[in-house]
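In what follows, chain A forms one complex with chain B and a second complex with chain C.
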Partner chain A sequence: MRLALGLIALVALLFVLSLISGQAPVGASQSLRALITDDGTPLSVVMREIRLPRALLAAMIGAVLGLSGAAMQGYLRNPLAEPGLIGVSGASALGAVLAIQTGLSLMIPLALPLAALGMAVLAVLLILALAGPRGTSITLILAGIAISALAGALTSLALNLSPNPFAAADIVFWMMGSLADRSFTHVWLAAPFMAVGAALLLSLGRGLDALTLGEDAAQALGVNLSGLRLRLILGTAACVGAATAVAGAIGFVGLVVPHLLRPAVGARPSSLLWASALGGAAMVLAADIAVRELLPARDLKLGVLMALVGAPLFLHLIYKTRKEMA
Partner chain B sequence: MRGCVRLSRIISLLAALVLTGAATGGPVGAAAGTAPKRVVSINLCTDQLALLLAAPGQIVSLSHLSHDPDSSSMAEAAQAYPTNGSGAEEVYLLSPDLVLAGTFTASATVRMLRDLGIRVELFAPARSLEDIPERMAQMGAALGRAPEAEAQIARFHADLARLSAPPARRPRAALYYVNGYTTGDRTLAGDILRAAGFDNVATEAGLEQGGTLALEQLILLAPEVIVSGRDYPGQARAEEVLTHPALHALTGTRIAGTLTDRDWICGTPLVLSAVQKMRDLRLSLEVKK
Partner chain C sequence: MSLMTLRDLTVLRGECPVVDHVSLRVERGECIGLIGPNGAGKTTLLRAALGLLPASGDSTLAAQPAPERARTAAWMPQAREIAWPVTVERLIALGRIPHLPRGARLRPQDRAATDAAIARMGLESYRSRIATHLSGGEQGRVLIARALAQETPLLIADEPIAGLDPAHQIATMQVFEDLAHEGCSVIVSLHDLGLAARHCTRLLMMERGRLVADGPPSEVLTPENVDRVFGISAFYETTAQGPVFQPMAVTR
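Let's look at the complex of A and B:
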């Protein structure tokens, strides 16, 4: 309970900090006033149309990415399972790029998240097929590398073939992720998918707890393993697909956050789910504040910061599991 | 190959809009009587200056971009000439006695051509309207067409003076491009805006040359008019900033759409039509008030 309250307070604090950080030098109280009362000034427009959707998206995306990481790790019983690392984010980015480059997303806005979701489903299915039910680290990581590489190459190809001279520069956005200049259009586009995905993943708690005892024991406890698996696939795909469709592939959130919070929840997968959602929201909010405060004029990508934090941890985890991999 | 063309298109556009010009290249060598007979241009802007000033039959070939109606203000006139891919090998085989290039044209190409004994005349991109008569005079001298250049320069000055008569009130405007890029007063685009009677908000933000202006900074500046760059074919996430809902939430700001087109790229007398369009925009604002 204390952990939950602490995390909620942290997310709330970072949310407010995110609202008052930006390139325009405006005082905190003044900008928050402009957010609450629409006084028709340009500052109100900035607060309501630019900073509010940005902070909301940071929180939402962080939450679903943290949640997806915790759910996948619980299901595969492997701390290395993370949507970004195993190629689900990369595949979603490919789906989103295809929807944009074919012009489909112009005709039907929903095509953007749906295409990202579709590719995410494919990637999760591939991972589960390749890694097997127990998900040993070596097959998981190899499958992830293969899927990431293929998705990244196809994304680059699609953007290089575009007649638009700026499309090639978009490759960085899709690979590293950014929340710059997102709007409420993106919030509304992603929110329904994220809500459904998060609900599916949060419903996995009991099954994941039982799964820590092994598959046979879990089945004996009445857990429907194939149903669990289906909810995991659809939930992860909806969460990661929607997040990637609007903000690009943001890696390592689902790796770092569950790793940090696992001791605090006594390694119970069910508690780790909600804790990772809150922790993920806090982490992406913090990273998005940092990209604006560190290099305000440079549109630093979120993925850069995430990798600086996440990659060393990833190496550490690989080092720890080398016995299993040998 | 298509990729190359696109890249060079951006580069020439950026060079013309943005870069602070280096000094003009080599000396203007052609004295009267030794006018070049086989002129090859490998730069979008020298293409257009040459088309305006060359004698019939003097031009052998123009750059690929000269035929692109999105980039070249003289695409129709350029159709009469074959194009080249601007590579040293291809240009050399045309056996030119004068090659026209921009100072930002691939320096390896220029050096190679000079090593092969071909005269290459370099033209710096125009940073202001004042640079345009200088470029015209340089082109006139290079082509051995100085009297024609003099006549066109006089007409340019007269037309510009007519179009840029000081207005009663100078509305505040912003030039806003893909990826949140804006251009300041010390660029050709900024000077077009100034001549048409607008004040550029980029100057208020301290961006005299131009640079990235965050969307929220643009909105807090609340210009009366936002003029955005042209829409390229296909989709890019980088262009989404131009259609952000926040731009339309601004009351009192007119989104004038994509006005900065081919007439804004090169320092030729054709920029006057850009000045004219912006002036018309300003006058339409006055009527609404």
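Let's look at the complex of A and C:
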């Protein structure tokens, strides 16, 4: 309970900080006032059309990435699992890359996120065909690796054959992940998928708790394992596919956040779900504030900063676990 | 009413039957030992009876819907898996999952069941310890308590006493006997024929997938059966301190 309140307060604080951080040299109270009452100034437009969707997307994306990471780790009973494991983020990125490569994204404004979502759906169908109703967790991992590899290869091919260096640069920068210049269109595009995905994942709590005892014991406790796996795949795919479609690849959130919060919830997989959603939202909000405040002139990419912070954090966690094991 | 009935239960691995037309009934108040050499099909029989494996033939347990079955029979698998560093108390409380209404937290009766299971297995001092930090034998006792907390009329345990020290082996078998006295039934696979002879009311002897003997220990552990199925000779007598079964020598 105290953890929940603390995390909610942290997310709220970072949300407000995200709203008042940016290039326009305006005071905090003035910006917030312009957000609440439309005073017809350009500042209101900036607050309502640029900063609010950006902060919302950061919180949404962080929440679903943390949540799907916690669900994936709980299902596979492995602290190294992450939402990208089932190949949906790779496939989603491939869709976006194809939209840039073919020039479609320049002609139709929503072509990029829609292509990304389309490829994510295709990846889900493929993974369901490979690791279908009778599949096990191992077939799910193997199918995910195969799809990721295929998507990675096709992304490289698209880069390789890119018509001009500008398209190649566009692709590379897009793949680094960013929340700059997103609008409410992106919020409304991602929100339904994320809502459905999050609802599916949050319903897994009890089954994931039972899986602490292994697949056999969980099944004997009345857990329907194939139904659980189906909800996990669809929920993760909806969450990660939508997140990647609007913001590019943002790694480490789904890996590090559940790991960080596990001791705080007594290692219970069901509690870790909501805790990681809140923690993920806080982490991405914080990182998105940092990319704007650290190098305001250089358009630092969110995915790059996240990996820069996430990797050392992860190394530290491994070091700590190693000491515990010894 | 019987707790579980198997009729011609058969599990094939490829062409080869791992469990071969096994039929039996389990009534209330039985402490049943399932014995047989390695690879005789003990685990497969138990898993198929629970409906965890595709099988032909009938099992009344496997025919039940999963949530209802989880309130009829508790299952303790041989692999002692504890995936996350949760406390012993929390792990044992997982046994209450089949009884919890959707979305509910642990109710007073669930806490009482958890406490009773902890008391039966003598785990009071372990309550707030982290389960993954315990020794193998201690983890085994915690997982038995987890199955007890499920409070089902039937408890099925696959080699629950393997790796326990002698005192805890005897204490655990006595817990199973007590459950049988209280009207529940226990099916436990085990390799310690001495403990099986002393504590079980009935033994099931398996050999290469078939049920070759079914009855009270004195009728199952005959010199012929023990020689043919296990390839050993044994000393078996009813003494002033109860039946004593001691394997003596390998006969082949």
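Rule of thumb we're sticking to: the second predicted complex is superposed on the first by the 238 of 326 C-alpha atoms of A that agree within 3 Å, B and C clash if a C-alpha of one lies under 4 Å from a C-alpha of the other, contacts with A are read in each partner's own complex, and residues count from 1 in each chain.
One rule holds for everything that comes next: a contact is a pair of C-beta atoms (placed from the backbone, for glycine too) under 8 Å apart; a residue touches a chain by one contact, two chains touch by 3 or more.
Nothing here was measured: the structure is a model prediction, and the numbers come from that model.
Touch criterion met: A:Arg206 reaches chain C, while chain B stays clear of it.
Of the two partner chains placed by superposition, only chain B is touched by A:Ser183; chain C is not. Of the two partner chains placed by superposition, only chain C is touched by A:Ala220; chain B is not. Looking at the superposition, the partner that touches the larger set of chain A residues, chain B or chain C, turns out to be B. Contacts of A:Asp288 after superposition on the shared chain: neither chain B nor chain C is touched.
When the two structures are aligned on the shared chain, A:Val46 is found in touch with chain B, with no touch to chain C. Of the two partner chains, neither chain B nor chain C is touched by A:Glu82.
Using the contact criterion defined above for the overlaid structures, shared-chain residue A:Ala267 touches chain C, although it does not reach chain B.
Against chain B, in their complex, chain A makes its touches with residues 22-24, 26, 40, 42-43, 45-46, 48-51, 100-101, 103, 105-106, 160, 162-167, 169-170, 173-174, 181, 183-185, 296-297, 299. Here chain A touches chain C in the complex through residues 77, 206, 209-214, 216-217, 219-224, 262, 266-269, going by the rule given at the top. Across the complex, chain A is touched by residues 47, 50, 52, 66-67, 69-71, 73-77, 79, 81-87, 90-91, 94-95, 97-98, 100, 143, 146, 150 of chain C. On the side of chain B, the complex with chain A involves touching residues 3, 6-7, 9-10, 178-180, 211-212, 214-217, 219-222, 232-241, 244-246, 249-251.
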